Every structure is written in structure tokens, then in C-alpha cells.
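See structure below.
Labels A, B and C are assigned to the chains in the order they are written; within every chain, residues are numbered from 1.
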């Protein structure tokens, strides 16, 4: 069964004329169309808005700030001396005077944990920034230059993926002198974990490289490093920020592991990991000594993870309306 | 008794911004062997209507009220287990994008036979044989070998044919086709529509053809419903609708068709309808087309009160305060 | 398909060589390393063995060559601190223990992790989902050593009366199975949470796909849709996710073996580092690297089998 399409030419044309003549009258309709353009806010404000709307991310950010506050403010205001050895106060359980108890030397753990948190956080950020630096450099160069350079660099990276993370970090520490200081830790953790960042940055570079403004810059004679650093990198800033919070947990955990094994910061300075190691010796009778630094580590990691999640959702162009 | 009778269907989606009234009071009836076309622009609720009938509305959507009587029984009141028996067997549905509608990790043969074995309780061999017949019916060459292939070895048009084959495999009484040709090339489109027509006649199957393309409607349907912003705004037999559309929106849709013949061909531009459909979260209690309507003005009642769907002529229903036949007297835009 | 497998397998060789090279270079840089001819930190008899074994009087690339040959002929040199023990001996003695521990941990992770992920996904946003996800999140954010010690604290100390589980030690014999439980759970906990999350995410994504809607429209029973359509497509990414787990297991094993006093190569590795037995360190590093590389290869091949799209060349 088929239906005649359309009708006599005359009536249809008539209608069309009528309609087109009346187009001018739908002013309201037209202004509605114009309104669509006004809705596009700037990228960053938009992202901030979305981030704030994400409850989990907000709670996580708050939690992270609380942790930072604890780590940095407590030793400042609390009068207990973390290095004061007093055997009479040994192994005190949680109390008002010692909210986190004391350790085997009678040292107040509330402040010690705060200081330990400081060290862990600082190592964490330092290593993460270093990872970003190395990873971005490697990935950007590889992605931008492309061709056989990219190929070789990526094959090399693939090979590096075959290295076990922890043993390699340990080896690095040993190579650097066997004693872990702040900076050897940072280097060791960086060396063992920069691969993923490099790979992702390279992917980004390759995608962005195809953009027209890059061609324009090249046409104007800009050198490649200028293009990379001035044009391409700022556009991946969002991704970089997300990655900082994604890598942070891994680094903090890595530091904790290394310290626990005994390759950590030397006493009397402490990190959360080395505090856990101290606590381990007495865990059967005084579980709080290991529980508290571990929970602190978990707190930092969990909040960093949800912040990263929230940032990723906020900045992801695909999920934007 | 009509095969399918939908009465005052309301389907809403609960979102963070509010409750979206995707389908707001849709009714129609469909007789055995007939084809109903549902036309409208994207987002007007035509797909959601079909999904509501099938019980496939994805969360956060749900059918809020209404009835969908299939052979006298209300589908919306049935439990999922009962619906599972009806779907694929009595009512089948095919979807818009054939590239993603088939499971990429199962063979085509498997995806056809599983339906047959589920509903018709065929043995494996019987099902295989029937599957080959089905593929031949939809004109897939080398049917027997093709059964063992995976979807990625089929082109878009072929995949849609497979979808049709699967849908028809248990001889359903009703086929709901949701934009089946939208994702296909124009030439392939013609082939698929022709196939549907043939199969419909052969199996005496009723069909609901959902599309935004007036041409497809003209070619396939006996009766047409025009939907806008979740409501039915016009309903008539196809011929009648194309010959004397009443609703301003229908007129605009028809006017937007590219003209191939007629005296104004060289001079006319493609007309589009400026503006956008209203926000369906708290829809205004007025005619939803009012702000895009060429004939509405602020003093009219239709900007305050929703017009009823009234029967202007036998079998021709309109929901507007300015139907074409009542307009002819007054000059436009006065 | 075969071409794919062969090509992929061949690629592992240069990778292994590179890894050995890197390890070798790093080892040479360590102060007090007897590979450097000038340092004399080791008893004379062993030093002589070393010189013979590693050709320390030759230029470094020759040394490297000999070492590589050693690796491929399964000869990793003598231990530096244990007399009359070669690295091979050490590995032979301790590796099976770690292997068993790792396998048990993996089994635990799969047995608990996958069903947990499936249930969470199917009952998304219900109390079941929230509870299991909280459990899972707690699992991977709390460090391994904490989980291990807490397990010991509760199951071996406080509730010892009921469970009868020992606090540490490892009996490799079959009736020593009691000693395997806690370490396997402790080691497998992090991978378990990983699986749970990946499976859950994968299933949630699959449920959104059009072909699931098609399956529903065909009137298939929900049980079948989940069991066949959903699981088959969701578990594939989960399988490939298993590869990085090996890294988890290795890192975790260091801690778990130390805490439970398990004589595995993880603990031995740590001891060799602090005890300066560097040929053992090097040997174990190389061994672990090879294991990881081979595991990655196997996963890639498995993925090729599971996803028919990678098997066919583009038509």
C-alpha cells in the first residue's frame, strides 16, 4: 500500500508562503534560540560548579583538609614534646592527655602521628610532583615528536612495565646509599611509578596535536618546545590535576610499605609508615599503635581517591551536557 | 476489540533537577494488522511511549499512570515474569542503532536461536533450521554460514535485517519499530522499509512505526499520531493527515519537507521551526507548542489552558486552539 | 591468531633483556657491591667464586653477557653471604612457598571479589551495594600490614579459642593448611577489592549497552541475560585487569611474609637487601620481572581468545 506523497503543488506552496511569512512573528521562539549560546560558561567555572555539586568529592575534600590541618596545626598548638622520652608514661592507652596514647618510649602519639603525617604527605606530594614532571616530559616529547622516536620511547616504556614496583623502589634506595632520607624516598618512588603518567600524557599529546591551533603555531614558525610548553600543556592542565590526586595514594602507600619493611625514614623522625612499624612490634597488646597510623594512611588515600574521582567527572568533556 | 489500546499513559523520569514528564497523557488504539505511525521531533516522547508499553523504561523513569491493554489485558499491571513471556513472542521491538543492538561476543546464530528456544521451545537443531529460514526471509545471502559469524562481520543494513529476523522469529502479533531506518543510508533505508512491508503483509502483523521522518510515515502507516512535548497533538489517517493537517506543528513539519517539485523549488530555503520544545520538568498548563506557534498570541486561551484533544472530523483529532480549518476565515497574523 | 601469539611472545625477549640490563646496571652502582672489583666486602673464597662466575676482570658488557647467559640457563650465581648456597638454591627453596601463597591469595580474591562485584552491580544503589562498596573501599585504602596484623589480632589472638589459627609460621605440608588461611586472606584482600571494583564497574557499563535492551525486548529471562550476555561481556575487562594484580601480590607478599614469618622469596628478598646479599637480590628481581612479563603475555593472549573482535582482522 502506498500513499501519495504531498498533494497538489498549489496548496502546498500556499502553505509554505503563509508559514514563511509568519516566521517573523515567532520572536519568542527566536530569542529562545539565542539563549542557548549564553548558557556555555567558562571551562573552569563550569568544572568548579560540577565538583561542588558532587557530594562525595566535597566530603572527601573536607576530609583531606582535616587531615592536613591535623598534620600541620597540631604540633604547633599541642605542647607535648614528641621526642621527650619518659619511660614512666610507656604504653598509655588513649586518654585526654594523650588522645592517641603513647609509644614504648612514652612519647605522645597524638603529636608524633601528626608529624608523621606531615612527612608522609610531604613525601607524597613531592614524589607525585616529580612523577608528574618526569611523566609529562617523557610523554609530551614522545607524543609530540611521534614517528620512530615515539615508537622507541614507547617500547622502552613497555619494557619498564615489566619491572616489579616495590623491588625496584627498594633497589633504588639501596643504590642511593641504603639509608632512606626524604629525598631518596622521593626519588625511589618516582622512579618506580612514572610510567602510567607518561603513557597517558603521550596519549593526550597525540590527540591534541591534531588541533588547528597547533598547525597555526607551526605555520607561524614556532619551535616544537614552545608549542609543547606554551600551547599543549596548558590544555592538559585539568588532566594533570586529576592525575596528581590519582597518583598520591599510590605514593603514600608505597612510602608506608617501604618504611614498614625498614627502609624508611630514620628515627627519631617518623613517617606514618615507620610509626606503623613501631606499632607492629607491640600490636598484640597495644593495637592502637599500629591502628592509628594505618587509619591515617587510609584516610588520606580514600579522600585523595574521591577527590580525583570528583575532579575527573568535573573536567571530563564527554560527560558535560 | 483492538489489538492494543493505550489509555492516558503518563511516564515520568525522576532527575536531580526535577521530574521530567516525558509522556504526559498519550492515548491511541491499534487494530490487528494495521500500522500506526508515531511522528515527532527528538525528545517528544515517542520512544518512551513504546518502551512504556513494553515495560522497558530505564530507571530513573517509571510509568506513573495509564493503561496499555494488549488483547484486553493491561500490560502495565503485569509482573516482570509475565512480561518476559510476552516480549519477543506476542510483541516484538526493534531499535534504532543496529551497530550496537547486537551482542558483539555472541554469534548471530546464537542470538536468533536463543529467542526461538526460549519462546517456542525448539530443540537446537530445529532452532538452527528455523534461523536459517529467517535469515533467508530477510534476504541475507549464505544464511547457513552466516549463522556462525559475529555481528562485527555484518554491515549496518544487514544487522538491522537480522534484528527484524529476530523480532519476527516467533510470529508476534505486534511489531514496534523505533526509528529502524534512522541510522541507515537512504538507499538501505528503502530496502528495509520494503522488507518490513512485505513481512507485515505475509504475517498479518500490526506495527507501530516510530520516526521523525514524515516520508517514512507516509510510506508505511495507515494512521498517524503526531507527538509534541510528551503529548498527542494530532491523530488521523495518513492520507487525511497529509491532505489536511490541522495542527500548526503538523503543518510546520510538512512544510519542512524538502520540495522536489512545485513552483517554488528554486527559491525556497529549507524551513526549520525556530525555538525548542519546552522544559518538561514542570510543563506549563497551557498548549506546549504556544511559544513556537505562528498563530498563537498572548490573549489567546491556549496560552493559559491546555487545549483538549478534540475530534474535528470523524477519525481526525487535534489538540490546538488554532486548527487549520478554523483558521481559513481569519487572515494570518492579525 | 597464531601470528598474534607468536609476535607477542617474541616481543618479550628484548623486554626481558632490557630488564636484566637495568637491574644489572643498578646493582653495579651499589656501594659495597662486590660486583665492583675494587670493593672487598666479602669472604675470599666467595670472592674468588664470584670472580670466576661473573668474570669480574672483564669489561662490563662481557659481564652482562655472561649474566644473561646465566639467566637463560637458569644459573644465577652464588649467594654472597651464605656459603655453599647459590641463588638458585635459595629460589628453589623459597619460591614454591610464595607461589602457593600467591595462588591461594588469588583464589580468595577471585572467589570473593567477583561475586561481590556482580552483586553490587546488580543491586546498584541499594543497601547491599553501599555495604559491599564500603567494605571494598576500606580494603584497599588500609595498608596491607594493617589488614594482616588486624587479622592476626582478631583471629589468632583474641578469638583463638574458636579458630585455632596460629599467629605465624608456615607449614608447606598439606596438613599445615591452617597456617595458610590468614596469610592468604591478608595477601588476597587488596586484589579482592580490586576485582570487586572492576567487575562492578564493568557490569554497570555493560548494563547500559543497547544489546542488553535488545535482549530484554526479546523476552529472555533476566537470569539468562545476566548469566550469559552481561557476564560474558563484563568479565573480559576484568580478566585483563588481573595483570597489574601481580604487582600487588608481589609487593604485598613482602609485607605478609614478613609479618607471618613465612619463608618465601618476598621475605628473603627483603632480608637480602638489608643483609647485603646482592646476588640474591639481583636474582630475585630478575625472576620476578620475568614472571610479570610472562604473566602480561598470557593475559594478552587470553584476551585475544575471549574477545572475538581482536581475533579477526578488519573485514
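Heads up, the rule we're going with is that a contact is a pair of C-beta atoms (placed from the backbone, for glycine too) under 8 Å apart; a residue touches a chain by one contact, two chains touch by 3 or more.
Just so it is clear, the model here is predicted, and its values are computed rather than measured.
Chemist: By mean C-alpha position, what chain is farthest away from subunit A?
Modeler: B
Chemist: Just to be sure I understand: the centre of a chain is the mean of its C-alpha atoms, right? Then which chain's centre is nearest the mean of all of them?
Modeler: Closest to the centre of all protein C-alpha atoms: chain A.
Chemist: Once you find the CA centre of subunit A and the CA centre of subunit C, what distance in Å lies between them?
Modeler: 25
Chemist: On a C-alpha centroid basis, what's the spacing between subunit A and subunit B, in Å?
Modeler: 47
Chemist: Please tell me the distance, in whole Å, between the geometric centres of subunit B and subunit C computed from their C-alpha atoms.
Modeler: From the centre of subunit B to the centre of subunit C is 54 Å.
Chemist: Would you pick out the residues of subunit B that each touch at least 2 other chains?
Modeler: none
Chemist: For subunit C, jot down the residues that touch at least 2 other chains.
Modeler: none
Chemist: Please give the residue numbers of subunit C that touch subunit B in the complex, ascending.
Modeler: Residue list for subunit C touching subunit B: 209-211, 213-222, 224, 228-229, 232-233, 236, 306-309, 312, 315.
Chemist: Would you mind writing out the residues of subunit C in touch with subunit A in their complex?
Modeler: Subunit C reaches subunit A through residues 14-16, 18-19, 22-23, 26-27, 29-31, 137-138, 141-146, 149-150, 152-153, 157, 167, 247, 250-251, 254-255, 258-259, 269-270, 273-274, 281, 284-285, 288-289, 292-293, 296.
Chemist: Using the touch definition from the top, list the residues of subunit B that touch subunit C in their complex.
Modeler: That would be residues 54, 56, 58, 80, 83-89, 92-93, 95, 97, 100-106, 114-115, 118-119, 150, 152-153, 163, 166 of subunit B.
Chemist: Could you pull out which subunit A residues touch subunit C in their complex?
Modeler: Contacts found on subunit A: 156, 158-168, 170-172, 174-175, 177-178, 249, 253, 256-257, 260-263, 273, 276, 280, 283-284, 287, 290-291, 294-295, 297-299, 301-302, 305.
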